[in-house]
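Right, I'll just put the structure down here and ask away after.
Note that the chains are named A, B, C, D and E in the order they appear, and that numbering of residues resets to 1 at the start of each chain.
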Amino acid sequence: MLDLVGQPLTWTHTLIFAAYGVLLLLIILGFVTYAIYFERKVIGWMQGRYGPNRTGPFGLLQTVADVFKLLIKEDTIPRKADRPLFILAPVITFIPSFVVVATIPFTANLIHADLNVGLLYYVALSGISTIGMILGGWASNNKYALLGGMRSAAQMISYEVPLVISVIGVIMMTGTLNLHKIVEAQGDNFWNWNFLPQIVGFIVFMIAGVSELNRTPFDLPEAESELVAGYHVEYSGFRFAFFMLAEYVYVFAIASLTTVLFLGGWHAPFALLAFIPGIVWFLLKFSIIVFFFFWIRATMPRIRIDQLMGLGWKVLLPLALLNIFITAIYMGITA
Amino acid sequence: MNGVVTPYLTLAAILFCIGLYGALSKKSGVIVLLSIELMLNAVNLNLIAFAKLGAQPALTGHIFSLFTITVAAAEAAVGVAILIALYRNRGTGDVEDMNSMKH
Amino acid sequence: MSDNLLSLIVFSPLIGIIVLLFLPQDRKAILQKVGIAATVLPLLLSVWLYAAYVTLNTEMQFKQQFDWITIPLNKEGVEGLTNFYWTIQYHLSVDGLSMPLVFLSALIFTMAALASVYIKKRWKAYFIWLLLLEVGVLGVFTSQDLVLFFLFFEITLVPMFFLIGIWGNMDREKAANRFLIYNGLGSAIMLIVFAILISTAGISQEIADNSLTVSYSGDIQNITRNLLQDSESLVNQASGDPQNQNPFYLSDTMKTTLFLLLLAAFGIKLPIFPFHTWMLKVHTEAPPSVVMIHSGILLKMGAYGLIRFGVLLFPAEAVQWAWTLALLGVINILYGAILAFMQKEFRLVLAYSSISHMGIVLLGLAAFNPIGMQGAVFQMISHGLISALMFLLVGSIYERTSTTELDKLGGLAKSMPFLSAVLLIGGLASLGLPGLSGFVSELLAFLGLFGTARTLAVIGAVGIILTAVYVLRGIMKITYGPIRDKHLGLPDAKWIEAVPMITLVAFILLLGVYPAVLSEPLQQTVNGFDRMIHSIAGKVGG
Amino acid sequence: MGPIRLHLQDLTHLLPEITLVVTAVLLTVIDLLLPKKIDRRLIGWLSLAGIAVSTGFVIMQMNPAQAVSLLSGSYRIDDFGNLLKLVFLGGTALITLMSLGSVEEKDIPHIGEYYYFLLPAVLGAMIMASSSDLITLFVGLELLSITSYVMVAMKKKDTKSNEAAFKYVVLGGISSAIILYGMSFLYGMSGSTNLAVIQQAIISGYSDYKPLLYVAVFLLLAGFGFKIAAAPFHSWAPDVYQGAPTPITAFLAVVSKGAAFAILFRVFYALFALGQFPEDQLTEDVFLALSVVAAAAMVVGNTAALRQRNVKRLLAYSGVANAGYLLVPLAVHINLVQVDNFSKFLFYLIAYLLMNIGLFAVLIVIEKSTGDSDLKGFAGLYYRAPFTAIATILLILSLSGIPVSAGFFGKLYLLIGTMQAHMYWLGGVMIITGVLSFYYYFGLIRQMFMRVDTNDRPIRITTPLGIVIWFCAGISLALGIFPGLLLRYIDSIFSLTRDLLILS
Amino acid sequence: MYTVKYLIVAIFVALGVLLPIAALTIGRWLRPNKPTEDKATTYESGNEPIGEGQIRFNIRYYLYALMFVIFDVETVFLYPWAVAYNQLGLFALVEMCIFIVLLGVGLLYAWKKKVLQWTSI
């Protein structure tokens, strides 16, 4: 299917691409819906509770119902808010979260934008969401919202630096920014995947990734008990839904990206298992990571903001820089 | 110079002039710094346009614009830092209030 | 020793400066003695110079010349050039024109040092600046290189600034500033002309086997040769090709411009009529000893420069503009005289009389014949002596009465007979009484001018009559009439004041009675100048 | 273009620069790790040592047989660069020494930073002097500029310092942008940032590019005009000079300005001096523009300085005027008989450096006793510190161009150049405005010698300051008497074609 | 080739824009809209809002922003270097080591100057 990308542009192709996009969008929406359900279930299970179980069988329709509730909820905009920005903010947050998915290769030939600068593209676009959050906080004209927005911005930019630097090791090893090629460079055995030689980078990436998602233990921007709800305190209805949506789409994106960068993408962990389709492997790895996210949410307490910042700048960034040295030496030895 | 590059140059010139105007006439210190960024970005646009469509297309333009971006960032960082110091001491970041030195 | 006699003269005041530096600054008596002694040294040396000067020789004498600063210039522009230099030469020598001025300077500096009794504070610094000024002045009259000349000329500015600014009267700083700015402007214009001259006429080429040396220098002889004597020199070769201009060519327009610029430059110093305002301020504000030097010598630097550079380097232009020169001279004489007549302050009377007298120098010069020229130089020397004397007297009177306003003075002859007598002699010399130096110089100058521009000479002579009126009026007001009660008990001159007065009077008399002491060394030189001027001017005119 | 390779041997050519980088980094770390109670002057002495070592390396590579070209021709080790580097390093050393004798922790909170920040700044200046590629030029320029911004703001608690720094950032940023904009057109015409290639390209494509070329040249001129503070681009100078800590003001006035001149010299001479264009119009216009800027700077600087009561502002305007003088040797286009523009420029730059640093050192003495830099602070200096006053006379004589002093000779040398090139008007403007400057320079002398300070307390002068003042005064005098020594040395090693023009 | 890849990106952008528009438009049809004065007040823990909502926030946020700008922009140089690392050889390695050491010194500086400490300011 990826062959289409290599061919000249026609209207047919455009339509195919569009259809693919719509499909992916729907998949993602579905993922988000059930990720939330899954999360609540997992956390409930871990904490000895039941989680949602009323609506639908096993509570499967709970999130669907939540979505409909949000959809028909009255939408109030505070009088003092900066209306255009207030309306625009959730949209700005959401769009990049979806657009970054365009470049992620799910399997060897599943269609995607096979950009040469794929990784850079991801990093660059994901940064835009921060602006949406700050705007949302600022436009609400609410002290809590503003503080939440500033905090989330501070946190996201602080963790963006180690996140970005931690993948340099991967780039060095594969010599490309193209995500497809990065996956190809990792072999069909799990010891060929990047997470082993890049273990430092991998760990830094994971921690920074969790923080980028504003998830526990790093969910300070929306710390309910401290800042009411953070930057989206004034939002209700479907506008609020878009902030939430963006957050969970990023879960999707980061999990995919981790799979691609460190866990060999669609490759099988052992060469002899390669007969199983790539998409299965991908989904498996992807799910493990998503589960991991939920797992730490259930287990870890929220940390203080000074600890949060200290961790980012004083631990992760030096580690990420160190990782570059380690990689350089490692490559010198293996080459 | 072929005609393809002209629109880019024109756009860059317009951006540059807007930036220059803003840097020289705006009241808020932050906006002034932003205007300077705009000027530098106009230059980047120029460089990239020349690198791709100029008389002798060459990669140097990209590299040059990387340097420009970096330098612009450093300059902005220093500018904001100074503005903060000023704000702390004076309680205002407006350019108009910067008149403590006359004779 | 006579090889570097001039250097000795010029730099001998430095010995005094060095000694002074090691003296404590509150010991007035010692400082004064050392200061005076330090000025005697160059005086003695210049007596020797006078004695050793060969009067029949028109060449430069006591020549000392070497390359002081050699600056290599980048020679990549021209093919085949082996050496390309700009040199500033240390070149001192004197002729009949400068030798008397050197002597005059040394003399007046000694007199001024004696007159320093009127200085009330900071004697150490005062004498140091005074001696530094003497170095500058002596250097100006002896140096034969444009840059060196300029250097000494500028050196005089700084000590004068301090001398006026620190030891002057109430309005001293303003006076010092005005002095600095006007003279700075004058020397700036001069520098421009010099720079143009060096970069064109200062060129000289030397072709040895296989090597070509080109050098710039400000050596006056070299410039004179290039400008005037060597019609083949690059300076005089216009190239017909507009694409490839000869960079050394000086066109006639350019030469005229340069001459006029020099006239302006030295006119400020002289001073010529519209540029004279700074001088009045200096004459009223500076301390007496400084005014003696200023009026006696520094003004002469302007006249000297005008002759040495304006006339001798651009004779053709000078002769062309002779009528203007004479006119300026007449204006100076009349303007000075009329305003002197109207002043109520004796120092201003003298200041305007200086303007008037410097007009006579211009007149003598404008005659462009040996007699007029001699008159001009005579007037320079004579006015130097007379004005030094007069300002010394003014100083001593001011010291006693605390005023120099004519209306507040009177009858001083009763309490101070000696001072009044000398004042009268000075006044008479100033108005040109026969037997005194002023007469000789005025006579010569007007005689010269009668030969060439009779009308102007006649008009100028009117000024002389006015001089008599205002000088006598001033002196009468001071010495005769009813004396004020508070002036009755004032003492007459002390010996330290009397010595310089008597000395100056003696020289005034000497010049008046026996002018040959000056005219002998002067004559040959002036004749030489005259021949040169007329040969060049004739060539151009004819 | 092959991959850029740097060999160990090439690194030896970069030793002066590397020394500075290493020193700066080491000092940063040392400053961070040293306990608070240790006197931070240690950092100052160490940075002085770094400068000395770097100077040693520059001296070692003086007068190379052939200009060394590094990094694909983007960096050149030639005598143009070497001589200017020596000047910059010397100036910075003097400024460091001056700071060691004056800067106190109560004014400047981060005093360690203050010292080691001078190193990257002078490094930037050195890169500017040595580079032959627009990118390197720009990086050097910004390294210098950005560190200068920070240094101006060093008096963190002082509003004036902050304000000056902000103005400097803004106007410096604008000028950088203008320079870059000009450079982008040069790049567009040639497809390269190498000056030699650009020169070839603009000559061969002259007829196509003529309008763009004019745009580029005048943008560059305007941008560099800002950096050298020449009129009409000088408006930032007085405020920035006034607000900055005084040694930093000296740095801006001397090293920063000198480095901007280095670029100006290199770019304009490399591109236009030989004038191989199909018509002479462009070369003529370029050099005419330079001389007009020079004249404007002299006139504006000297007239505006007349009104100043604050000595720093006065010196700022005097700096504007001096920028005009320094532009003269650039503006006087080389011709058959006048080729030694660089000697003229360098001599005057050195003279300017000495007299300015010296006078700023005196100003520090005054500031420490009165607390501000008002003209009145000089009152009665002669009674309070006679030796300093005497040294100040020498410095002021040099600044105003009165013999015997380096300043006089420098101006005379420049003047002769204008006359050789028959630019009489430029020489005239230069000398006449010089007379104007007497008024304000001698105003300082008036204060020192003819006024009396109301409280007549003697001033204590720290040894480093005394050394700086007398060193500057002494060398100014010596260069006035024997300028030939320096100029002969310059002539013996400098060659226009080999060291300045980049002929590929 | 190029165009096609970016066409996909463009489609994604379009979808990203369309979804909120569609969702919010549908929401507008469905949801009730009865604005009252009290609903439109700013929320502040159930109290009457005091003062302006857009308060002055702490200066430290700027410092983090500055740090971010510097380090993020430096990665602009690291990325191309990392991509080409295999072809560049020792020179690039040494050069980048210097670069990273300088970055490290910068980090150390910020650390020691307590810029990284949230409560310090």
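Note that contacts are C-beta pairs under 8 Å (C-beta built on N, C-alpha and C of every residue); 3 or more make two chains touch, one makes a residue touch a chain.
As the structure is a computational prediction, the values presented were derived from the model and not from experiment.
A.B. asks: Can you give me the shortest step count from subunit B to subunit C, moving only between touching chains?
C.D. replies: 2
A.B. asks: Compute the shortest path length in steps from subunit D to subunit E over the network of touching chains.
C.D. replies: When the steps are counted carefully, the minimum from subunit D to subunit E is 1.
A.B. asks: So if I look at the partners of subunit A and the partners of subunit B, which chains show up in both lists?
C.D. replies: Output, common partners of subunit A and subunit B: E.
A.B. asks: Have a look at A-E versus B-D and report the one with more C-beta pairs in contact.
C.D. replies: Result of the comparison of B-D and A-E: A-E.
A.B. asks: With chain centres set to the mean of the C-alpha atoms, which chain is at the far end from subunit E?
C.D. replies: Relative to subunit E, the chain whose C-alpha centre sits farthest away is C.
A.B. asks: Work out per-chain C-alpha centres and flag the one nearest the whole-protein C-alpha centre.
C.D. replies: Of the chains present, the most centrally placed is D.
A.B. asks: Can you name the chain that lies farthest from subunit A, using the mean of each chain's Cα atoms as its centre?
C.D. replies: C
A.B. asks: If you average the Cα atoms of subunit A and of subunit D to get two centres, how far apart are those centres in Å?
C.D. replies: It comes to 52 Å between the two C-alpha centres.
A.B. asks: Please work out the Cα centroid separation of subunit C and subunit E, and write it as a whole number of Å.
C.D. replies: Inter-chain centre distance comes to 80 Å.
A.B. asks: Measuring from the mean C-alpha position of subunit C to the mean C-alpha position of subunit D, what distance in angstrom results?
C.D. replies: Once rounded, the distance between the two centres reads 42 Å.
A.B. asks: Round to the nearest whole Å and give the separation of the Cα centres of subunit B and subunit E.
C.D. replies: Inter-chain centre distance comes to 21 Å.
A.B. asks: Hey, what residues on subunit C touch two or more of the other chains?
C.D. replies: Residues of subunit C never touch two or more of the other chains.
A.B. asks: Can you tell me which residues of subunit B touch two or more of the remaining chains?
C.D. replies: Residues 74, 81 of subunit B each touch two or more of the other chains.
A.B. asks: Using the touch rule from the top of the page, what pairs of chains touch, sorted by label?
C.D. replies: A-E, B-D, B-E, C-D, D-E
A.B. asks: Which positions of subunit D touch subunit E when the two form their complex?
C.D. replies: That would be residues 3-6, 25, 28-29, 32-33 of subunit D.
A.B. asks: Taking the touch rule as given, give the residues of subunit D at its contact with subunit C in the complex, in rising order.
C.D. replies: Counting only subunit D, the residues touching subunit C are 334-340, 342-343, 393, 397, 402-404, 408, 412-413, 415-416, 418-420, 422, 424, 427-428, 431-432, 434-435, 438-439, 442, 445-446, 449-450, 482-484, 487-488, 491-492, 494-497.
A.B. asks: Along subunit A, where are the residues that touch subunit E in the complex?
C.D. replies: 4-9, 13-14, 17-18, 21-22, 25, 71-81, 90-91, 94-96, 98-99, 101-103, 111-115, 120-121, 138, 140-147, 150, 153-154, 157-158, 160-161, 164-165, 168-169, 171-172, 175-177, 228, 233-234, 237-239, 241-242, 305-306, 308-310, 313-314, 317-318, 321, 324-325, 328, 331-332
A.B. asks: Could you please specify the touching residues of subunit E with respect to subunit D in the complex?
C.D. replies: It is residues 87-89, 91, 95, 101-102, 105, 108-109, 112-113 of subunit E that touch subunit D.
A.B. asks: Which residues of subunit E touch subunit A in their complex?
C.D. replies: 1, 3-9, 11-13, 15-17, 19-20, 23-24, 26-28, 30-35, 39-45, 49, 52-55, 57-58, 60-61, 64-65, 67-68, 71-72, 75, 78-79, 82-87, 93, 96-97, 100, 103-104, 107, 110-111, 116-119
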